[in-house]
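Input: structures, listed below.
Below, chain A partners chain B and then partners chain C, in two separate complexes.
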Partner chain A sequence: MKHFLSTTMLAIAAICLLFSGPAQAEDDTIKVGAILAVTGGASFLGGPESRTIEMQIEKINANGGIHGKKLELILKDSGANPEKAISFAKQLIEEEKVFAIVGPSTSGETMKIKNICEQGKTVLISCGAAEVIVNPVARYVFKTPQKDSFAVKKIYMVMNKLGIKKIAVLAGNTGFGKAGKGQLLAIAPEFGIEVVATEVYDKKATDLSAVVAKLMANKDIQAVVNWSIVPAQAIVAKNMRQAGWNVPLFQSHGFGNIKYVEAAGVAAEGIIFPAGRLLVADSLSADNPQKDVLMKYKNDYEAKFQEQASTFGGHGYDAIMVLAKAIEQAGPDKEKVRDAIENMKNFAGTGGIFNFSPEDHNGLDIDAFAMMTVKDGKFVLYE
Partner chain B sequence: MAVKNYLSVLILIAVVVSIQLATKATDTSYYLTQLTMTGYYSLVIIGLCLVMGYAGQLSLGHAGFFAIGGYTSAVLTTYNLTTLLEQGNGLVRFLSDKGLLISTLDLYGEAVLYINPWPAAIIAVILTASIAFMIGIPVLKLKGHYLAMATLGFGIIIFRIALATEILGEADGISEIPGFTLFPGICVNGDFGNRVMNYYIAWVLVLIGVILLLNLIHSRVGRALRAIHGAEDAANAIGVNTAHYKLYTFVISAVFAAVAGIFLTHYNGGIGPSEAGIMKSVRYVAIVAIGGMASMWGALTMGVLLNFMSLRGMFGSYDDAVFGAIMIIIMLFAPNGLLNLSVWQKISKSAGKEKG
Partner chain C sequence: MTAELFTQYLFAGITYGIIYAIVAIGFNIIYNTTGIINFAQGEFVMLGGMISISLNPLMPLPLAIGCAVLLTTLIGALIEMIFIRWLVHPSVLRMIIITIGISILLREVALHIWGEGVRSLPYFYGNEISSIDILGAHVSPQVLWVVGICSIIVILLSLFFKFTPLGQEMRACSSNRLAATLCGINAKNMVTLSFMLSAGIGALAGCVVSPITYTQYDCGTGLAIKGFTVAVLGGLGNSMAAVAAGLLLGILEAFSIHIVPLAFQDAISISILLLILFIRPHGLFGSSEAAGLKEF
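On to the complex of A and B.
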């Protein structure tokens, strides 16, 4: 019987814990939920996103909030686990009764909670890249990162110019790699490009010389496209140059982090990739509509966190600023804010100029990407 | 023996019902969301408790079985068969004629045709049981660390397969999985309005699991298992077919995990590779260890408590670290589980005296 008694006592303790209830919301705040992969396999996304969102909310509140109301951030770390994202989304919507949710960081998680937010009539502004998030359009679901297909088209345009016809596609086994590989294969025929080889590698790979050697044996390959967001991007470049293979290397917008350039050293020189303009904010002309936003975000972030601003953090910036702007325009009313986001035009974010519409819940066009290359260890615009 | 066990089951029923009534009374029924998810994880945990605590075999691959169940059911119920039917595929037509397919429109007005969750669930359970059977025959011949490593290896394989297979959605997993209508009017899904029903579905399932296991433990099989746990060679010598019993419990516990996987997948409306991850298997093992290995009630209580806190994000960014730390602390200071600490026993002893 003794087991039993202690079990019952624990059960009682559990029940007490259960009903300790959440703190009551104050009327002069607007609760914003955030579900981000601050830790785990996608922390390179969730880390900068969460820091950026916290920084921006602090700033908004320091300036007196929106319509006199302060924003209250409820940040949940999902560790990129979809089951946690589901649990958190339900918790935020029903229990915390948040005004809106920003995040999740990954497409997989976003797709799991898309219907939950739709059912809960709560605006979700995702930082996930996949197109399925906004296609088909769900009434309450938006996203800030540029579409993969635009990145792919930008790359293929350059290839057409350079006369490249046959390519190899490399991808990491992450959601990002998977989506990019799919788009690369689907869009290639439109540009008269043939994908002659496809390889997928593990996201934790530390050496890819075997894969590179295999591709190198195929003399038809005129260029390589690598699609991943992991350190393997630098490894691909290194292994190719070590093997003495000098075909052009294209990377995805996941390459937009100076850490990868440093890791690849000289091998990074000449890599061509599409990215948001944040990376070249300094060299943009003064009349570029994004210039002010980009410089301000970059300087603020780098001053506060002592690390390079990345385009990923920028997705978080865009998500929270689009929301803030909509609340400012429409007042603290969930439905009106949803409408305000849907009708928002010419909003300069870090990812591009957003023009939302009922058919387009991403709001960015192909010009959100610029082609860049690495020169003397720095990102510069590709001419 | 028997009376005490049925009393425990009655108390479990009472706790389950009173929690629901309490949430209703305090208007906090949103807690039931995590309690439902916790219920399904508890099913895996009591199944693992049978293998670990009673048969004395360590399995670090139970997240793998959970994932096999969940993913199989997810694939079968999301794969759109509309075009196959239009092309006149014989198998699809046969299934359609037998009424095993469900035709509906999705949220965006597209026609979808998918396999009824019932046959899908049955296929998933059969698949998991056969895999557990085939893996179990060679693996359960190993002992100690080797058994742990072999099951760990199995878990990693399943995780990698989930991550690399296109039809399983690779890193994104599978989304938009339809609800599972058990009987007309009773449906496993995550709709906000369906919460109370789903809470009871999950806990009735746990209850069925508990009763099955209690009967098993207190039968001839249970005695054989305890003999194996105590001294396998001795058990063998007195005529217990150890290989047979070990395999039997391993398969049963894999099926528990698979059923939990199937139900949770339909409840969540999605599944991702993290469900198959190694940290999930470690978490299950840690919870059984905290509960006191051979104590199903202990494992159940700790499982509910820790999973509930984890799913509510109470451990923040230290989620996996918390479970790792708990495991180390338990092994160092309370190898027989938290509920077997001498402090508790003293309390219950004195409480027992008072009762006279």
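On to the complex of A and C.
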């Protein structure tokens, strides 16, 4: 008898699940897909991004959702593998029929699924940094991180001010490193700067003292620019200072993670790099339009996950919040939401003030970057 | 090339070389008693670094390193007991695939425990920017620590294998397992011991190189590839040869940077490996007769 009872209960429970699941999903929720590199080589991007997006969706749902509909996140871990990103994108669009996709974390993955989203008429808000994602513009593809070329220009502006004319470029052999190196070489003549040496290192490099010695022997070099998103950023800094080479070291916006500063210790002091204002949220003046957003995100994230907020998590925040705002304005209609994003103006995110337009699916201008430096183991604005 | 630049390259090369060599020695110890390559060797290095970094805030640095080595040694023993010990006449291929599986398992466990970030131990002496002037070259004191500790490990290992009864029993197992068993040596225990020894040495290496190279959950793979190259280059099973081969490869890599772009660094080491495999498959310092007797 007992056995019979429990079987019946189970059967009833199963039937309930069977019926309630899909019915609820269709009526009361909006499915949002996310393809992020939670594990693997780009996990320092995908990790904070996924945690941030989960946190924000939880918050939106706790406040009653959007137009009474809850957001349902379907998170796929691509491990920064473009092939996986492709199959996940197809799965999300064709099988899950998601409303929109946020991510992927890297530029390489985004470029692979750009056309899939375009054909599937599904909005994609990428967290990849490379400019090619939105140039040329694709109808359904947007991105939240600032453009590479703006970072390069910001760096060269500082160099002009410091009177630096001849530089060396170091880059990691990742998509980010290659794109950055290309931009550095292409934009240098515009600012009257000459790149006298370039070196590319493996993303798993553990010691770069030999290449530092080689560059140091070239007495023309007045500054070094390093472009990578790997721990080698800290290794370059250490090896340069150990060798007693004290020329200014510039890094890319990939340096915006306090873990690299901790890893490089005193060698990180004085490194100059462009980044979003999240890193210096505390020291922004109260009338800065980003101040409230930044402080709130930073405090929420740090309280919840017990780790410092990074600009990468901020890209995830911007992606999901832009989408949420567009749904709020236009209602749960794919085409209307796309138009709403394209016409969104003055949206204060963590990366800057977004002003999207049909020509610009990134929406950020050069002022989204601020130049920063490291002082006493902390990020501060570079004056 | 100035004399100053020469010594700078030389020391960079020694730094790379010693790190490769110490991983290669770990490969050799297990190869000697079991005849297999343990592809999880790089993960022992990672575990040693990670555990010591976690323990460091709780206790003084030497104690943290000691505990990390001890714990990793135990993990090595556990792995052998769980995955290897009960296999009856396993084929070489099966053993290799098992060790690759173990390496993936350890990496994933590390990812869950320590996350994806980079960590490092503090410098044993001085800090990130201190350097010592040797013949006009600037060398981080940590490099001297690595060289010193590695030398001590190699000397102690040679003494252990030559003069202690336990070391001799392990060597007996590697020469002829059946004969050793007939002499009353417990070959299975020797295999466990070899896993413990190589795990311990890997862990110690992981601790001393951590300030230079940093430790990340997946840093073992790269080290294992280079360590394997060096082990093959020197001749599998020979620890002294591994040190020589490691230094040779490291110095070659460092000086190659002067002529070709840095991006070719790995291509050079892999080319050397291929060349050795074609011309002297038993390694630079190995004997072809001894290699011919081995199964793998």
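Operating definition for what follows: the second predicted complex is superposed on the first by the 358 of 383 C-alpha atoms of A that agree within 3 Å, B and C clash if a C-alpha of one lies under 4 Å from a C-alpha of the other, contacts with A are read in each partner's own complex, and residues count from 1 in each chain.
The rule is simple: contacts are C-beta pairs under 8 Å (C-beta built on N, C-alpha and C of every residue); 3 or more make two chains touch, one makes a residue touch a chain.
Since this is a predicted model, take the numbers as computed values, not measurements.
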{"item": "Touched partner set for A:Val200, first chain B, second chain C, both or neither", "value": "both"}
{"item": "Touched partner set for A:Val374, first chain B, second chain C, both or neither", "value": "neither"}
{"item": "First, second, both or neither for A:Ala151, with chain B first and chain C second", "value": "neither"}
{"item": "A:Asn173 touches, of chain B and chain C: first, second, both or neither?", "value": "both"}
{"item": "Touched partner set for A:Ser107, first chain B, second chain C, both or neither", "value": "first"}
{"item": "First (chain B), second (chain C), both or neither touched by A:Ile30", "value": "neither"}
{"item": "Chain B or chain C, by number of chain A residues touched", "value": "B"}
{"item": "Touching partner for A:Glu118 - first (chain B), second (chain C), both, neither", "value": "first"}
{"item": "First, second, both or neither for A:Ala243, with chain B first and chain C second", "value": "second"}
{"item": "First, second, both or neither for A:Lys90, with chain B first and chain C second", "value": "first"}
{"item": "Chain B/chain C common contact set on chain A", "value": "39, 173, 200"}
{"item": "Residue ranges of chain A in contact with chain C within the complex", "value": "39, 41, 43-44, 47, 173, 199-202, 204, 206-211, 213-214, 217, 231, 234-235, 237-238, 241-244, 259-260, 263-267"}
{"item": "Contact footprint of chain B on chain A as seen in their complex", "value": "1-11, 14-15, 17-19, 21, 38-39, 76-77, 79-84, 86-88, 90-91, 94-95, 106-109, 111-112, 114-116, 118-120, 130, 136, 138, 173-179, 200"}
{"item": "Complex contacts: residues of chain B adjacent to chain A", "value": "4, 8, 11, 15, 19, 22, 26, 28, 30-31, 33-34, 37, 107-108, 163-164, 169-173, 175-176, 190-192, 264, 268-272, 274-275, 295, 297-298, 301-302, 304-305, 308-313, 316-317, 319-320, 339, 344-345, 347-349, 351-352"}
{"item": "Residues of chain C that touch chain A when the two form their complex", "value": "2, 5, 8-9, 11-13, 15-16, 19, 111, 115-120, 127-131, 137-140, 209, 212-214, 216, 218-219, 221-223, 253-254, 257-258, 261-263, 265-266"}
